[in-house]
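In what follows, chain A forms one complex with chain B and a second complex with chain C.
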Partner chain A sequence: MSITSFAFAGFAALLAVVYRVLPQRVRWWALLAASVIFYAAGGPAAAAYMAVTAVTTYFAALLLQRENDRRAAMDGEQRRSSKRSHDRRRHLVTGAACAVNFGMLFAIKYWDFVSESLAFLRLPALGLVVPMGISFYIFQSIGYVADVSRGKTAAERSFPRYLLFVCFFPQMVQGPIDRFEHLAPQLFAGRRPDTDEVRDGIQLMMWGYFKKLVIASRAGTVVGAVYANAGAYPGCASVFAVLMYTIELYCDFSGGIDIVRGTAGLFGINMAENFRRPIFSLSLAEFWRRWHMTLGGWMRDYVFYPLSLSKPFAALGRFSRKHLSGKLGRILPTSLATFIVYFIIGIWHGANLTFLAYGLYNGAIITSSILLAPFYTRVKKALKVNESGGLYRAFCIVRTSLVVFVGRYLTRAPWLKMSLVMLKRSVFDLRLRELPGVVTGLGMSFFDLALVAAGCAVVLAAEYIEERGVGIRAYLAKRGAFVQWLAIAVPLAVILIFGVISAGSGAGEFIYGRI
Partner chain B sequence: MSSKKWLVAFVCTVLAFGLLTLAFNVLVDPFGVFGDVIFHWDSYSQTLNPRVGKIEYLDRHCDEYDSYIIGCSSTSSFPVEELDEYMDARFYNLFTYGADMLDSEDFVRYIIKNYTVKNILLNVYIDNGHTYDDPGIDNLTGAMHARVDESSLAAFYWKYLFLDPNYAIDKVRSFFKDELLAEPYDVFDVKTGCYDKRERDAEPISGLEEYEAIEQYSGFADYPTYHVPLKKTAQAMESLVRIKEMCDEAGVNLIVVCGPVYSGYMQGVDRQEAEEFYTSLAEVTDYWDFSISSVSTEPRYFYDLTHFRNCVGSMALARMFGNGDVYVPEDFGVYVTRENAVELVERNDAVFASRPRTDEWTKDVPILVYHNIVPDGEEGATVSMLEGQLAALRKAGYESVTFRDLEDYVYRGTELPEKCVVITFDDGYYSNYEYAYPLLEKYGMRATIFVIGVSVGHKEFYKDTEFVMTPHFDEEEMAEMSSSGVISIQSHTYDMHQWPPFETGGHVRETLLRFEDEDEEEYVRALQKDFERSRSQIEAVTGERVDVLAYPGGGYDILSQWALTQCGVNVTLSTRYGVNTLVKGLPQCLGAMHRIYGDAFPDAGELIAAMKGKR
Partner chain C sequence: MDELIGILQSVCPGVDFETEKDLVEDGILTSLDIVMIVSELMSAYDVQIDVDDLVPENFASAETICELVNRAREK
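Entry: the complex of A and B
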């Protein structure tokens, strides 16, 4: 069930009504039942993968909890003496849970890529279909196991409750990757949402549908053709396609998250924020703190810190401080950990050399900017740059956008060489004059282009206002009834007309053409 | 507004939008089930779903008909008007896309119960043994009308009420870009129920290679043999038994016909299964069989791989009703009874196995074209060049034939001389009278001159201007040539071959093609008026029927071709280079015919080679 379908909207609305009328005690059961139905609709294989993750992480957490409880019961001396064996047991259980789940993820998502890339090993391809949202729930569940292992969270004893945490339906498609301590209490509380929350949820959903259906799906129509055969187009087509792809990606992903969070709002559940207006990032590192925030946070807590604090890295730190002079010696281990994190983020996005390159690209830029920071400070001082000034901030935003934009050349191309061809053409073979012809040739009408531009302008304006700290909802809530009604009717009409209806349904294809 | 009120406003707005959508669906009514009160566009809804649209139409108009044609889409090509004449009835063609025998049974039951029915012509196609009650039918566009298959009416209207609004939007869009001839969104002729083939029947057709080079017909060149298993024959025949019972009971005259099947298609049918299909059909009823004959082997008799042309339908009716005026191939059509069914299947197999002899129904005919003839020594087509060519043709054994001869060949199958040529002159220059006419007479040849009506008799000036032009012969000279029997005078339009430098005003008709900004209907009226003027001018002088037109500048399109056929123009000529292939029974081979410029081959030997298709 796609979250942009009428079926999903109807499903969510019906469930929201049922949720309200049920007694508080059993409300979470309704969510669980709905989530299981929602996920089971994806087929038996998808349900089986989900079951593996839910069962293994559930028991791993229980084991870890027992281990932690046992240790908590010890006195100080016992604790000290048993620390090593305790840690070993904890790591064993956590490692086993990771091995099973990441192993499964690897087999489903990456195995075929590996066997294809290393053809000389003659590894058989598995041809497994990647089920909906598998990366998200595995990451979320492993995060939970790690939290239990560290004693940050108590393990959930009830399997049905835990299952709801793993498969809560709105987040199944594209996250966000929430934390147990944040999400689970809300899921189980069964609190009846007040009307403000429901209204906010609906508004957020409408905003998401607008971004996804009106802007993203329109911008996306031209992208595939150019990425598939960039050699046939002038450089301007590559620039145009990457721009449209950047718009599509942001509006599709953030719009989807808005729909998910809005849906959760119907049940009074506040899910983790995943985007915080990344367009206003001043640096690439900040971009990654504002873009897909739950993934970044996950990487920080479960990859970066453990890695930086691990023994090999401590040894590396000692070594670099001893043999390298100045700041470089101090920050080398951190930089390496940063690099590895972004490298993993790259691979997380998909199994392809392009994502490897994307990871390297981000890792390299962020690491080098850390390493070069002292140099920049000197330059800025020499040029007397006012770092808090609007002009400098604008420069930073444009610079970051450009860096992100270039990165987008990598992630959509079917293979790495195509990305490079497109980049090369964008620089050396732009042929800007041919752009109008290219755009119409790609099947994008002037009207669609204008609609995408207008949609982007609305999104940018809204984000700018929010960035300035003005709440649009609060502002609207204070207006008169008619204005408020307009704020319902106009977006609804726009979504219906330009998102649902004009997206077409194949209705115009006449059977006569086929017989 | 409080959030509670906001929620109420939201729900009301959503409901209002929902209701608006429903109202839009009802008012625009793309499937025509709610009366189509705004557009009254039956052809559109019938195109979307003929099973629904045709019944909606008939429920309103059934008193205009007393007989029905039923079957799958190839059934469209049984011409209703001819059938009306043969049977003194008022037929409606109730065929639908991909109708199986269950659809036919449902229709028969419904029309007998609800309408006055005298005759039913049922076309049984080989596919009726292949599909029966196919569950893969699209619920919106392929489903039967609920009143016909007696399924739930509530579910039926619900389906079209909660329709994707894109259907209605498409209808509105199509309405504003609708043109005169058939479009993919309105393919039916509402009155007869047949496909609107005006456009397709106006397409010029000539040699096979040329035909198969057209994208639409390229499938014939490389026909894929795909297997068509006939596993539903028994079910289809059970339906047929019920159809026959219903007709017998209601005193309805049931005629069963098996329309022509393209041989390539038949190749995919197992012989055993085909035999079973046709013999079990004969067990149920006598029928006319046209399924396999020489016609099946000729791609030009088919619109596409599964649909035979209207002209083939005319041949079938002529055979059934014994009309000797229409060309019908000898092996086309056999009346099958239980007794001769097996023989027929064997005969069909034999036809199938034998190599088709296309020369029995095709003929290559070159047409020469000249314009002004000049005295020897001047630039252009000289008198002695023309004489040399005529003499060479004579010597090579060529006989000149007229367009009347070509029409007879196509419409009646009258054979043409082994070596034949048609000679034409465009524009009506005085030199044609002065030089060409005596030469033709001398060599015993005949020719056709296409005159521009407005220029007849203008020996000095272009129309009523002071621009000097090449002289044109006058009506007296025209009458003299015509009465000699040597020259036939036909039309080159009255005034649609204007010469821009000599004209004033914005729109100059250099050819008879439509101006880009011209309304299609206005254009057709203008063209037909011009032709009628040309025709009455010539007929008044010569007394000879005018039904041939040479396109000024060779410019033609489907619209002009169709508009002229409407005026009874049987033959049109282009200036496309080449030799024509005539096909018996196929009027389209007389459209926009190719011609060879005589003065392009001053050497008579080269001209004769070109006429044989060698360049």
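Entry: the complex of A and C
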């Protein structure tokens, strides 16, 4: 069931009504039943993968909790002397949970890519279908296991309650990757949302549907056509297609997350924020702190920190401090850990050389910016750059947007070679005068183009206002009921006219839903 | 404390460690800064800081970082 379908809207509305009328203590059962039905509709294989993750991480967390409780009962001296064996047992259980779940993810998502790439090894292809949301719920569940291991979260004793945390239906499409301590108490509380929360949830859903159905699905219509036959088009077509893809991707992913968070709002549940206006990022590193924030946070807490403080990296740190002079010697291990994290983020997005290249691209730029920071500081000082000035900030935003834009060449093409050919043509064979003919030839009408441009202007304006510290929904909440419901009715009319009756392509699918 | 602030400022030159009280929540310190600070502290004071200690509360201000170092010394 696509979250852009009328069936989903009906499903969510019916569940919201049932949720309100049920007694508080059984409301979470309604969410669990709905989530199981929602996910089981994806087929028995998808349900089986989900069951493996839920069962293994549930028992791993219980074992870790028992280990932590045992240690907590010890006196100070015992605790100090048993630290090493305690850590070993914790790492063993956490490692086993990771091995099972990441092994399963590898088999489903990456095995065929490996067997194809290493054809000389004659490894058999598995041909497994990647089920909806598997990367998201596995990461969320492993994050929970790691938190229990660190004593940050207490293990959940009830399996049905834990299952709800793993498979809560709105997050099944494309995240966000939430934390147990943030999401679980809200799921189990069964709190009845007040009218304001329901209205806010509907407004957020409308905003998401607007971005997805009116902008993303329309911008995406030309992208596939250019990528299907990139060699036949001049460079301007590549630039136009990648620009449309960049718009499509942002409105598709952030719009989908708005729908998901708005749906959760119908049950009084505030899911983790996943976007914080990435268009206003001053650097690529900041872009990744504002784009897909829950993945970035996951990578920070469960990969970057442990890797940076691991024994091999500590040894590398000692070596680099001893043998390399100045700042380079101090930051080399951190830079290497940063590079590895962005490399992993790249391949998390998909099993393809294009994503490997995307990870390397991001890792190389961010790592070089760390290593070259002292040089940049000297240049800015020599040029007397005012770093807090509007002009410099605008320059940084444009520079970051360009870097992100170039990166987008890598993520959409089916083959890396095609990405590079398109990039080359965009620079050396632009033929800008042919652009109007190219756009018309791709089947994008002036009306559609104008609608995408107008939609982007609305999104940009709204994000600019919020970036200035004005909360639009908080502002609307202070107005009268008429204005508040108008803020739902007008977007609804726009969505129905320009997103449903006159829809673009691929309205039912999400790009990140395939990850 | 002066020595600690000197170390912190050598890692993050533009940050006012003497007055800022919410370095992480206010977005002044990034995860990268935190790891570089921790590496520097472990080297300077010969202490072991665990990954479990890398939580925003421990890096909110120079005082909380100082407490973190003191706890690591006691381990």
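The rule is simple: the second predicted complex is superposed on the first by the 493 of 515 C-alpha atoms of A that agree within 3 Å, B and C clash if a C-alpha of one lies under 4 Å from a C-alpha of the other, contacts with A are read in each partner's own complex, and residues count from 1 in each chain.
What we mean here is this: a contact is a pair of C-beta atoms (placed from the backbone, for glycine too) under 8 Å apart; a residue touches a chain by one contact, two chains touch by 3 or more.
Since the structure is predicted, the reported quantities are computational estimates derived from the model, not experimental observations.
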Exercise for review: Could you look at A:159 and tell me whether it touches chain B, chain C, both or neither (first, second, both, neither)?
Suggested key: neither
Practice item. Determine, under the contact definition given at the top, whether A:376 touches first (chain B), second (chain C), both, or neither. Key: neither
Practice item. For A:195, select first, second, both or neither according to whether it touches chain B, chain C, the two together, or no partner. Key: first
Point to revise | Contacts of A:314 with chain B and chain C, given as first, second, both or neither | key: second
Exercise for review: Give one of first, second, both or neither to describe whether A:331 is in contact with chain B, with chain C, with both, or with none.
Suggested key: second
**Study point:** Footprint overlap on chain A, comparing chain B with chain C
**Key:** none
Exercise for review: Flag every residue of chain B that touches chain A in the complex, lowest number first.
Suggested key: 1-7, 9-10, 13-14, 17, 47-48, 73, 97-98, 138, 141-142, 164-167, 169-170, 184-185, 187, 306
Practice item. Mind listing the chain A positions that touch chain C in their complex? Key: 80, 150-152, 285, 289, 300-301, 304-306, 308-309, 314, 317-318, 321, 330-331, 333-334, 337-338, 370
Check your understanding: Which of the residues in chain A end up touching chain B in this complex?
Key -> 194-196, 198-199, 202, 477, 481, 484-485, 488-489, 492-493, 496, 501, 504-505, 507-508, 510-513, 515
Study note, to complete from the structure: In the complex, the residues of chain C that touch chain A are 11, 30-32, 35-36, 38-40, 42-43, 49-52, 54-55, 75
